[in-house]
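Take a look at the structures below.
Okay, so chain A shows up in both of these, paired with chain B first and chain C after.
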Partner chain A sequence: MLSISRTVLLLLLFPGLLLAGGVYQEPEDFLAEVFNGEVPEAQVIWLTGPRKEVVKELLGHHYPSLRVRYWRQGQRTTWILEEIGKTEPITTGFVIKEGRIETVKVLVFRESRGWEIRHAFFTDQFHQASLNERHQLDRTIDGISGATLSVRALKKLAAMALYLDQQVRQQDV
Partner chain B sequence: MSDRSNGGKRPRWRSIRVWHRYLGGSAALCVLILAITGIPLNHTEPLELDSRYIQSNWILDRYGIQAPQAPPSYRAGDHRVTLMGDNLYLGRRKIEGIYRQLGGAVLFRELLVIAVGDNLLLLTPQGEVIERLGGAGGVPGGIKRIGIESAEGRLVVDSSAGRYHSDANFLHWRRRADKAGSAIEWAVPTPLEATLKVALDNQFRGAILPVERVLLDLHSGRFFGSAGPWIMDAAAVALLMLAISGSWTWFKRRG
Partner chain C sequence: MDNSPPFIVGLTAAALLSASLTATADDLPSRQEMWKIIQQQQKQIEALQKGAQTNTVDIAQANQKATAAVELAEESQKSVSSAAVWASKTQLGGYGELHYNNLDSKDEIDLHRVVLLLNHQFTDDVRFVSEIEFEHDGDEVEVEQAYVEFDLNQQTFAKAGVFLMPVGILNETHEPATFYGVERNPVETNIIPTTWWVGGAVLGGQIGESGFSYDVAIHEGLKTDADNNYTVRKGRQKSSKADANKLASTARIKWTGMPGVELAATAQYQDDITQGTDDSAGEAWLFEAHAQIEHGPLALRALYAYWDLDGDGPEAIGADEQSGFYVEPSYKFSLFNQNLGIFGRYNQWDNQAGNGEVDSEKKQYTAGINYWPIPDVVLKFDMRKQDNEGTQSNDNGWNLGVGYQF
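And then the complex of A and B:
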């Protein structure tokens, strides 16, 4: 009884405990949602040569794998990428249509701070964002106090997803 | 005049000077520790004290930092894959990333395939990560073990959802209906060679304790055990008394 009261008191005092990090959506469920249950076959893009260097420039370090998987339907590509906020990777899904971000969704957040980036008030800022010629987002994304590193990680991943989408579409030409 | 004012006894300011001397002597070591540790602690970032790690076995033993006794380890071809804590090693090379639950490692078409948790990690033989495959990549969840089918040389994953095999690019996964007698060479853990174990132990232990932590503990006295902070407190009180007795002596001698 005492422990229940304590728990209730804790949740009343710190409602953030209800909302903190974890698995918000399994990556496979995200894909099923994006493609209405009919997920196309995965394809891969290799991060080699100049592409590897551009990605390194965008992230400030090498991406931790040599190839990245994506799912494509027409001019729409979907990416599930990871970047470390402070110490743990943040798994994020991006849907890009004709070079512009359609959806950003934080799927797994493993850090103890900065989970606010999962909310629509933050991710909606990326809607219709694209890359300029210097491989930067074409708009300013407002930060969240106390979530600086997570915000930075998501901005980097958005730029990377847009760049890889560009690369995939260039292969069509 | 004041020297004789207390009936021929040693003047008070002189006895305070003696106390001052004793206090100074006894606090000197602690003051040295405080000063030597305090200066670098004021410059932690430029000196990168939080990203440099203690290598001394004596200090690591004192902090009780131990490497796992029998870490899970698999041999895949000529390669040795070992998990220590959250660190995954290919031979002596640490693979970038955080890993948990090593479930097997096999050599598949000149690539290393390593089961970590519910993911498959694809590595080049040099230790570069090609990809980390999870549920979104079609890898079945609840991986129990991985192996190579002898007849067709396919990678097989034994999972809680059944047995699956992949194509050469790991893009498609198909459920298998293995008949009795299907020859699959499953990855099995094997003990780590003694020399490699020692090398990995040192590497693992040498990447845990930041220099900053030890300096902070020396500064606060916690490095010296439970009595340490009290000794440092006593040194701080001694410093206070030194300031008072020094000022007193100086004031009296001038008077």
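And then the complex of A and C:
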């Protein structure tokens, strides 16, 4: 038992040759999938004035960019946003259709805990979610034990994507 | 009244009309003048149109310049120097809690712990994680985590160093805002024993899309002795010149395949829990299982842990079996837009459960409230009542606490 333990311990100490990252889907591939290979030209929405303040309220801090890119086809907008879970940013893709979430997909997860948020059993809870008048999600999202901060990050990003979608569609009026 | 003769009035009117017509014809511009005026107006229109186009171009150029400036500023923030690059890969965090204990055993204010977390991401696949804890206002300084983690592929990782044991509910996740009660529950503290950190290596990962994950670890074992009644908590070596004569092996399987649900079980084997220092003791097994279920405002935590120690020494005092369990239902609610939660917990544990003749079992009823002014800050209150067997004194009373994480 002891010798096996020590052998396994040594093997575990030298894993460097096998490295690979937590990229579940490249953002470009996500866009291609959403738009069936015909990705529209990216547009930009500026986070200035009251919009900047609302986003700050949603995230609890300023978004690290003044401009957010999005891709639009009719009443469908797609966003690739980042928010820190515990220490690392989680890259997530959102598809919004007529003010409701159509798809949530975790594209890159860089932390050692909380990876469960990428599973469909969790992201499916966001399906058809919209924002209420207080800029909150209109439904309860059940968390995952041990993944509190990752869950919180995803809920914040979902609210941000819905809010920015509202802003884009209001520019049409 | 006018007395003029009628023909004089008529002549006067005709003269006035003639003069008026002559003046109107003289004021009109000629056709040439009209053409000149039209040409001048056309030039003015063209000039205005050109000006408008110039303004549009200016606006577009200004927009481009603003965009370029913002992009430059954002890029500069990311990579202005090697120090900035290093900082972007290094994260600081922490948590802590201050307690006031009004119990039969003590009446004190204790800065129970202040913890600093320092992590560094070497590459996307290799990172360093550390946790340094100052307990009781610096009386104890402990490095509870200091390991390097490698992502082997999208579903598998390995880590080596000092890490928290993959067992129980609180051992790996114990930031104050994540659990009820000022003090951590006595079952995990005395039986698992939380917080339990070791030096060694772990291989872990997810099993497909099933929601199952696993951890397998080889690490320093416990080193307890007869002087401490073979209690497992006294056997923690804390990776401080730890005796590695007898390593231990741990495996955990966990299922989180449904939102709000975690089911997990851990087993550990060590072939000598005294590291060869006590011939009357021998191998030891730990079995632990728990459930965490959250659905909307309701939550339930339940945990059972059991140690089986071989040898005449532990058996003689009943320490060959050490076990405990707790059940904790809770309810979260909002009052005046403030987040609150109430809970109750029944705890039962025994570090000498193997001997029915020794009155060593302890029972504790705990109930209290958490108030989160913001998600990362919590104020806590709880009351507890013990019902311990035999001559063991009960330690009843109440506690207040403030905790935070960042």
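Assume the second predicted complex is superposed on the first by the 152 of 173 C-alpha atoms of A that agree within 3 Å, B and C clash if a C-alpha of one lies under 4 Å from a C-alpha of the other, contacts with A are read in each partner's own complex, and residues count from 1 in each chain.
Here is the rule we go by: a residue touches a chain if its C-beta (ideal position, glycine included) is under 8 Å from a C-beta of that chain, and two chains touch if they have at least 3 such contacts.
Since the structure is predicted, the reported quantities are computational estimates derived from the model, not experimental observations.
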Which partner, chain B or chain C, is in contact with more residues of chain A?
-> C
Look at A:E88 in the shared chain and tell me whether it touches chain B only, chain C only, both, or neither; answer first, second, both or neither.
-> both
Contacts of A:Q25 with chain B and chain C, given as first, second, both or neither = neither
Using the touch definition from the top, say if A:A42 reaches chain B (first), chain C (second), both or neither.
-> first
Check whether A:R69 is in contact with chain B, with chain C, with both or with neither, and answer first, second, both or neither.
-> first
Classify the contacts of A:H119 with the two partner chains as first (chain B alone), second (chain C alone), both, or neither.
-> second
For A:R152, is the partner it touches chain B (first), chain C (second), both, or none of the two (neither)?
-> second
Kindly classify A:D142 by the partners it touches after superposition: chain B alone (first), chain C alone (second), both, or neither?
-> second
Is A:Q166 contacted by the first partner chain B, the second partner chain C, both or neither?
-> neither
Chain A residues contacting chain B in one complex and chain C in the other 44, 64-67, 88
Chain B-facing residues of chain A, complex = 26-28, 30-31, 41-44, 64-69, 80, 88-89
The chain A residues in contact with chain C across the complex are 1-2, 5-6, 8-9, 12-13, 15-16, 18-24, 44, 64-67, 86-88, 110, 112-113, 115-116, 119-122, 125, 140-148, 152
Residues of chain C touching chain A in their complex?
-> 67, 70, 74, 77, 91, 93, 117, 119, 121, 123-127, 129, 149-154, 157-160, 169, 172-173, 178, 200-203, 206, 209, 211, 218, 246-247, 249, 256-262, 269, 271, 292, 294-296, 375
Would you mind writing out the residues of chain B in touch with chain A in their complex?
-> 96-98, 124, 128-138, 169, 171-172
